[in-house]
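The structure's right below; bear with me while I get my questions together.
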Amino acid sequence: MAFAVATPVFEGPFDLLLHLILREQVDIYEVSLTRIVDEYLAEIERLQVVDLDVATEFLLIAATLVELKARRLLPGRDDVDLDDELALWEERDLLLARLLECKTFKDVAGVFSRLADDADRSFPRTAGPDERFDDVMPDLLEGTTVKRVQAAYVRAVTPKPVERIDLFHVAPVRASVADAVAELVDELPRVGRITFRRLTSGLVERLEVIVRFLALLELFKQGVIELDQVEQFGEIDVLWTGGLEPVAAGSIAIDDYEG
Amino acid sequence: MMELNEIDTETVRAIEAIVMVAVEPVAPDLLAQLLEQPKAMIERLCAELSAAYDEAGHGFQMVKVAGGYRYQSHAELAPYVERFLLDGQRARMSGAALETLAIVAYKQPLSRAQIASIRGVDPDGVLRTLQARGYVTEVARDAGPGQAILYGTTATFLEKLGLNSLADLPPIAQFVPGADVVEALEFGLRIDVPAPDAGG
Amino acid sequence: MMELNEIDTETVRAIEAIVMVAVEPVAPDLLAQLLEQPKAMIERLCAELSAAYDEAGHGFQMVKVAGGYRYQSHAELAPYVERFLLDGQRARMSGAALETLAIVAYKQPLSRAQIASIRGVDPDGVLRTLQARGYVTEVARDAGPGQAILYGTTATFLEKLGLNSLADLPPIAQFVPGADVVEALEFGLRIDVPAPDAGG
């Protein structure tokens, strides 16, 4: 059964992002998008031991963040398409609106929690009528068929699915971004240009695909590859720009993900 | 309310709260233990409380029944209560009650604890309703230590369902999931092909 | 009890008797019908009765929850009642459950996909838990192509929060983040004009 998995701390991508941004609220001008994005990605990496669907949802937001960050790193580029520029702003505004909505309901949830706590301190009377009224009560079995009794029995003895962390679909793959980076800096200089689809065609687990994608983002950040996607949801082209000299994986500085 | 000192006031309020949520009459012994007051004092306060309700002319009473105290509607208001029970309550049996009745029907004789272990909840209130309606009754005592009361269905139950005997209840074995399925559910594992004849 | 004329006294006593035997909140409409009195009068008497209990300092209350009146123990006596019920500690809801409930409460009826887009995560498991506990239910089908199931809150939800109706929910406007939060978020996600020392 699909299972709502929260990371040890965060329920979802908005939850995490809100936390990363708002914890600095004392002095918002200390907030650094770069740090937020890095920490966000670090959190996704931790997610690989949890639930794939959730990791995917985190990743969707990560893509927007990385785009925002990339744009900020290249403020003076003249070749920026105006449409792209507008699309990015739109995307940012959308993300902002969703964060605000999410924050709104998080605050409501806090109020609900207090209401429920208060209500839980009072216990309703459920005793019902006493035996003096036994004869007044209508026959409760009126219209009940044997089949209903049989069905009720089956329902009663069928074990209820116990809600617990379903580890079945969590792959025992412990691929880390660092490992994937090491593989890529070995492979990419030899092939030069490759599509993301081909790069991941041999991978079975979606998790491994996601980790590879994160590793590519890391290499992009380090400036040794270029990424190009001609159309939305289209093929992603990966171009190695790090030169022909073999690069030691260790020389690619992976950000300190401890945040 | 009544004229009381501080400790008594708190104790009386606690008695009211506990008896109000109780499904069965609450014994003064239990109240004394929960409220950490002498039993004699609890008895005195309950008696005073009961008298105070009567004097104030409430539509309910606190009475001592079967060795314990409980709230009940005042006898004078019985016509209204009866009208409510006839018109106001849904006559249909609740899902919980029907499940409990079904368990008793198929597994009798069995104890309250055995019912609880199957349903996962204490069947106390539900059993009382089923007994009050005459569908279920105490049929024996467990031979083991504790001598738990064992329950079974009544002739009324068979009559209402139009059955001659319990042997006429439709068999259930083929519908009950087998041990492998149960285990799979419990441990969140997947089973590839459920055996078609996974009888219990 | 309260100062009342004769008809009112009889009506109040009948209300007390009926609510005492009820197992779920009793709607004023039903009381009005059973007691053959105008609903407005029933509402007034119930409110007065409820206030009179509080004023007298009883250990129980009569409150309006989920559209009807019920007796319950007073919150101040919770420690004693919990001791009595043993399992009186009720399950607390998780943050995810509360957030999902908040969204459903204010935006109902709405689909799973709409919940997902607000929370940023698939609400499947949480929704199932909320449905199992009876706080949320399927209320309709979307008229559009996929005919998505639309969810809404239940009377049990109102009881869980101790609310009489959805109208008692605090207005959503008061939860919209303030200017400081908006500013912080905008700054955190700003695109242009990187500060020279912004790093990265």
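Residue numbering begins at 1 within each chain, and the chains themselves are lettered A, B and C in the order written.
The working rule: contacts are C-beta pairs under 8 Å (C-beta built on N, C-alpha and C of every residue); 3 or more make two chains touch, one makes a residue touch a chain.
It should be emphasised that the depicted structure is a prediction, and the values quoted were computed from it without experimental measurement.
The most distant chain from chain C is A, comparing centres defined as mean Cα coordinates.
Chain C has the Cα centre that lies closest to the mean of all protein Cα atoms in view. Here A-C and A-B are compared, and the pair linked by more C-beta contacts is A-C. Averaged C-alpha coordinates put the centre of chain B at 27 Å from the centre of chain C. Between chain A and chain C, the centres computed from C-alpha atoms are 30 Å apart.
Centroids of chain A and chain B (each the mean of its C-alpha atoms) stand 46 Å apart. Among the residues of chain B, those touching two or more other chains are numbered 17, 20-22, 71-73, 78, 81, 85. Residues of chain A found to touch two or more other chains are 1, 123-130, 133. Interface residues of chain A, counted against chain C in their complex, comprise 1-4, 6, 11-15, 18, 20-22, 24-25, 28-29, 31-36, 38, 53-54, 57, 61, 68-69, 71-73, 75, 88-89, 92, 95-96, 98-113, 115-130, 133, 163. Chain A contributes residues 1, 123-134, 136-150, 152-162, 164, 166-168 to its touches with chain B in the complex. Every residue of chain B that touches chain C in the complex is listed here, in rising order: 1, 9, 12-18, 20-22, 26, 30, 34-35, 56-60, 71-74, 76-78, 80-81, 83-85, 87-88, 122.
Interface of chain C with chain A (complex): residues 20-23, 60-61, 63, 65, 70-75, 78, 81, 85, 88, 90, 92-93, 95-96, 98-99, 101-103, 105-106, 117-126, 129, 159-163, 170, 172, 175-177, 180-194, 198-200.
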